[in-house]
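Chain naming follows the written order as A, B, C and D, and within any one chain the residues start at number 1.
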Amino acid sequence: MEKLGAQFPLISISMLIPTLGSFFVVLLPERFTKGISLISTGITFLISLYSLTLFDFSKGDVVQFYEHYPIIPELGISLSLGLDGLSMLMYLLTTLVSLVAVLWSVRDKQINHRIKEYFLWFLLTESFLIGVFASWDLIVFYVFYELTLVPMLFVIGIWGYKLRLYSAYKFFIYIFISSLFLLLGTVSLAVQHYKLFGRFSFSYFDLMNNDYPLGLGIFLFMLFFIAFAVKTPIVPFHTWLPDAHGEAPTAGSIVLAAILLKMGTYALFRFNIGLFPKVVAFLMPILVLWGIFSIMMASWFTISQKNLKRFVAYSSISHMGFVVTSMFLLNLEGFRASIMEMFAHGLTSASLFMIAGFIYNRLHSFNMDALKGSAKFMPLFAIITVITAYSSMGLPGGSSFWGKFLTVLSAREYTTQLALLVIAGAFFSVIYMLYLMKVLFLDTKEESRLVHFADIRGFKLSAFLLLVIPMFMVGLLPSLFFNIFDMSVKKLLLYVMHKLIGG
Amino acid sequence: MDYMGFLIFLGVMLVLSLLLISLNSLLGPKTPESMEDYPYECGVPLYDLSAQSTFHQGYYLLGLLLLLFDIEAAFLFPWTVVYKHLGVFGFVEMFLFVFILTYGLLYAWRRGALDWQFEEEVFER
Amino acid sequence: MEGLLSALIIIGIKILVILAIVLGVGAYLTLVERKVAAHIQRRPGPMVVGWHGLLQPLADGLKLLTKEDLFPRYGNKFLYNLAIVMALVPASLVFAVVPFGPEFEVFGIRVKPILTDVNVGLLLFFALGSLAIYAIALAGWASNSKYALIGSMRKAGIVISYEVVITFALMGPIILAQTLSTYSIVQQQIEQKLWYIWLQPVAFVVYMFAMLAETGRVPFDIQEAEAELVTGFTVEYGGMKFGLFPLVEWYVETLSLSAIAVVVFLGGWSPINIPFVGFIDPLFFLGPLSPFVWFVLKVSLLFLFVLWLHWTLPRYRIDQITSTAWKVMLPLTLVNLVFTAIIAPVVWR
Amino acid sequence: MELRDLIGSIEFPKMALIIPELIVLLTGFLIFTLDLIFKRANYRLYTWISVVGYFMAMLYIAFNPSLSGSTFYGLYVRDYFSSFLQFFMILLTIFVLAFTYHYYKQKLSLYREFYYILSFALVSAMFLASSYNLITLYVALEGVSISFYILTALLRGDFNAKEGAFKYLILGGLSIALASYGAVFMYIYAGSLDLQKILTYSGQNKDLLILGLVFFLIGFAIKIGAVPFHFWLPDAYQGAPTPITAYMASVGKLAFFAPVVRIMPLVQEHFAYAWVITVGIISAMTMLYGNLVALVQKDVKRLLAYSSIAHSGYILAGIAVAKAIGLKAVLYFLVAYALMGAGSFLLLALLERNPQWENRMEEFSGLRFSMPWIAVSFMIFMFSLLGVPPSVGFVGKALVFTALSFDRLWWLAFVMILSTGISTGYYVRLVVLTFMKESSKSIKVESSFAEKVVIFVLTLSVVILGAVPIIIWSFASQSADILFKR
């Protein structure tokens, strides 16, 4: 892949600003904390928007803003940062959601102690996440991938709800152990590169040239896949997620659902498909069916939840199923669907968690029975809820529509039966959303108790708006977003096909 | 061959000593009495049939010191014999060795390893 | 074959001579001691058996032989008897490395009046000396009596301490002589025209102390301590078995250690030595016998010196004895060693 | 050979090579002399003398890193490898010294012997890192071990200390016996005591060599604490005064691993398979056992002791790969563990100064509120031990994985993943307790300036050396290359 060197270390700067902010948070007294956090995340978001203007869309497949600092030359490890179309989108999502999370936390009732630490962890998370999406060196990727665990461990464990310690523990253990497989896989790739070319390299660009016998390829693929399947999560590996998402504070859930899950799918897309094209082609049927299975199972799990947060968490799993399914369909529509769904889900799931958190602030419960009809008395909030729910459901005009639609389209390229299966999955995901809407709007219970709620306003409203507006943009103007990543997706597809035919 | 005389002498002495041991039982009277082989003490029945129980740990300390110094002496003997040929190098080496040895002795002395018999008993009140 | 036979005969004769010394002279030394002690204390001593008690040792021996053979009830029989063997054999074997005089020629055969002239003679002496500790420890342990155990432990502690001292004390002369062979040491002294006592007075004094301690002579006879311990570790032995211990300890060992002292410090069989002058031999009229006479004379003098000390001095406590060994004797010998190493080149010339 | 020839062949040793050892030794002797002279011990003076002496030795090594050569007829070898290890040994000893005085004072166990025994242990450890000769190794091994036995028991009236020291003594004696048996077999095989000659010798009786090597390795495995020869380690580590535990876990590990690492390049074709299988299986058992047992510990010191066993397993996994990449990984991991182990135990030593502290796991709860910076530092050490990037622990593990994948030892890699996974349990539990639980009991300890500096430096080094691994890597890589070229 080609690289376009950066005139100015834009990505490093945008990684450094939150870190710098976190330093100030530690050093300065507590009353400055929230301001500093808002400013640094805001600046980072603005930088990401600015970088979007600098981004050369006609060369979406080229890695732009490329920076390269060697770490261990002998082993070919270097801090190489850069953005291609796909990373650009994720980078945007990261900065946006981080800003939203901080905005939300400013007025969150749950965050009433150890405020400095809380914002410190969020700022650090943002830095690490940018690192994850921008790094082109597998070891550096791994470093950031692991590092995001630490802040989340603390966020869940300190500011979470009742079962927070158990959940934090479980979250950390699941992800950490699974990512050890990733570490083994990563170094094995470098060793394979050494055996083929006589030098170690962890650079993505070099590793793409590797060639494997099918057996070894499947082995390495599985090492990567286990890690990302747990992170994504795909159904049998998902059990950490409801606990972690359910017990985390609202902002934590936002970051977890909107970005951390995307790390898994992003990495599946980038590494499992990019580095093992032959293996993916070989395993494609299994992986696709697995994805569909994941959608259906997760949907059923979702409907049976009583806890609103766990409900939303399970819905994330089913959405991730779409992402995985469409990704492994290995055609242009599939890839596009997958990435659009990632972005869209980032927006909607964040919004859904905020809704849950908002209601909790009012009612101090996540129990669906207790929430019945609660949206009725807060008109602004109700509107936002409806928009979010429809977006999530995949209604045309909503953000998830393109993901689901294109998935069906790309499945149809193989067989109609497959497309029908996908549609069945989509159908289930509609059911649980409708169920949620029904609970929030149609059911009623002791109305008099609910009337006194104040409607949403101020920081929280702005946080919602930051998510709802892009939702509309995705739904109504999809070409804006397709433009960002289309080139790189096409390039990847070409590469995969080339490998399949040529190799 | 040098040691033949020594070995013969050893054999002779062994035989002789065995002879001397057995002479009593050959020549002496045999008048068994019930208490004649009772351990020599004050004449009251023994409180404790075995005397081989414990003894002062100072003896162990002496044993350890002997081990240390005898081994070091074993190192010094070859040196003493060839010292004439070693010259200044040999002197320095030996001096260091003896120096360390002396240090060990001083340490033992300083820590009271040499006054073990009648150390003051401390009674905690 | 003939060489071997004659060698065997010579060895046999030497062994007989040594045995005569060990048992005959050793036994008669009891009388000497009693007499000397008596005269020091202004009393006549044994006077009944024979003229001035000359047959007293024989009578004692007979008495010891005709005692009943007893064995302590709770003891260990094997170790009990082994202790005696371990006491007698090493102590006597020391005489194997004692040179009684210079090489001479009888009937055309050259004879060295030393049983085993090996180049590690002194090492052999140290080894045999260390074995004596086993006899003591075993005797006390096997008897299984409190007095015996305490006595044996004390004695073992003393022997252990002074073993080290003796070893280090003898290192000075070895440096000067550059050999471990007892015969050669004497030869070296004659060649260098110097008794090593002149250069090693400290070592000699220390050696003498160690000798007193090893043989359990006053002032270091705490293990016997008749008043407290009823002859210490031998309390459970009877008859000849009892007789052997003092024989070995007081006489055989004293003799052998004196002999070694004479060999190492006093020039062995050489006549009187005056530094820077040489040897003066007042006994020149004895001809070839004079070296032997000198040797016997020196050993006897040392022995009498020990007896003299024995009957004049009080006794020390056990901790005083051992701490003397470690705190005074050992540092002295170490200093002496370094000192010798410095002056040795002068002696070698 | 005639005596005269023998004496004539005496060479004057190249003193420049052993100056660091000499300095350390003389430091010990100086303290010893002062101790003999003065009636009352001046502990502050002793500490300063030690620190200055060690520092000089360290500077000498730092300024002459490429000094190399062998002297004393090949008994002693200085090369890049030994300089590298010795530097860290001295550095960590200085760190440990910072914690000793207050600790012993609090435990009422001030012994002046400590200062010179420490220096003798250090000298022996340094010698252990710089020899191919079995005799030197034997003597140095004894030196380190005996010093450790004594240091372990230096707590007045503490039953655990005595028990630990006694177990250590017994098993340490066994290990030395086994190692010397191994040495004997190797000597019979090759007629030489030089490991280089032994292992490159092509004799008839290969079984003898393998037998000797296995015995030799088992001897060292006991010292290292590899399962199934680990029984002394938890007791000794728990019983020892905690600064000494830190010392054993850092300098001791470096020292005991050094000879094993040093013979890695000498592994020959004909016993490479035996090497991989033996070391690999021991490593797998060590990792699994250490982590599994650590998981159920209630006492933090014992837990860290078991984690030390587990880390021995990780290092052994690297040693199983007898190639340059394996050696580099092992060197990095060794230094990494030395830093982490020293840091975590020293933190415990600091906390133990509070009389209420009993090393129970629950006592960590609420530490974040009473001693926030100590808590942060503890967290960093725990994460580093676990292998969370960007810490030295992570880089070490990644390098070991690289080495394993280089040799296609997948099974060992999976065992390592599994055991690391198990270790997540207890490391994270400690972090969770420290930061997320609150406790009514607030434990505070006043720490001296030196202690603060040491903790800060160790914590920072764990992060910095992990984030910029080239600092250690370049040295490790260079010394591995030099060893392999030999």
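Just a few scattered comments:
FYI, a contact is a pair of C-beta atoms (placed from the backbone, for glycine too) under 8 Å apart; a residue touches a chain by one contact, two chains touch by 3 or more.
None of these values were measured; they are calculated from a predicted model.
Chain-level centrality, scored on Cα centres against the all-protein Cα centre, points to D. Centroids built from CA atoms put chain C at 97 Å from chain A. Measuring from the averaged C-alpha position of chain C to that of chain D gives a distance of 54 Å.
If each chain is reduced to the centroid of its CA atoms, chain B and chain C end up 16 Å from each other. Our note on geometry: chain A versus chain B, Cα centroid distance of 82 Å, whole angstroms. Contacts with at least two other chains are made by no residue of chain A. In chain B, the residues touching two or more other chains are 82. Taken pair by pair, the chains that touch are A-D, B-C, B-D. Taken together, the chain A residues at the contact with chain D in this complex read 71-75, 139, 142-143, 146-147, 149-150, 153-154, 157-158, 164-165, 168-169, 172-173, 176-177, 180-181, 183-184, 187-188, 190-191, 194, 200, 219.
For chain D in complex with chain B, the residues that touch the partner chain are 3-4, 7, 10, 29, 32-33, 35-36. Residues 82, 85-86, 89, 103, 106-107, 110 of chain B are the ones touching chain D in the complex. Touching chain B in their complex are the following residues of chain C: 7, 11-12, 14-15, 18-19, 64-74, 81, 84-85, 88-89, 92-93, 96, 115-118, 123-124, 130, 141, 143-150, 153, 156-157, 160-161, 163-164, 167-168, 171, 174-175, 178-180, 230, 235-236, 238-241, 244, 317-319, 322-323, 326-327, 330-331, 334, 337-338, 341-342, 344, 348. Every residue of chain B that touches chain C in the complex is listed here, in rising order: 2-6, 8-10, 12-14, 16-18, 20-21, 23-25, 27-31, 36-41, 49-52, 55-56, 58-59, 62-63, 65-66, 69-70, 73, 76-77, 80-84, 91, 94-95, 98, 101-102, 105, 108-109, 114-118.
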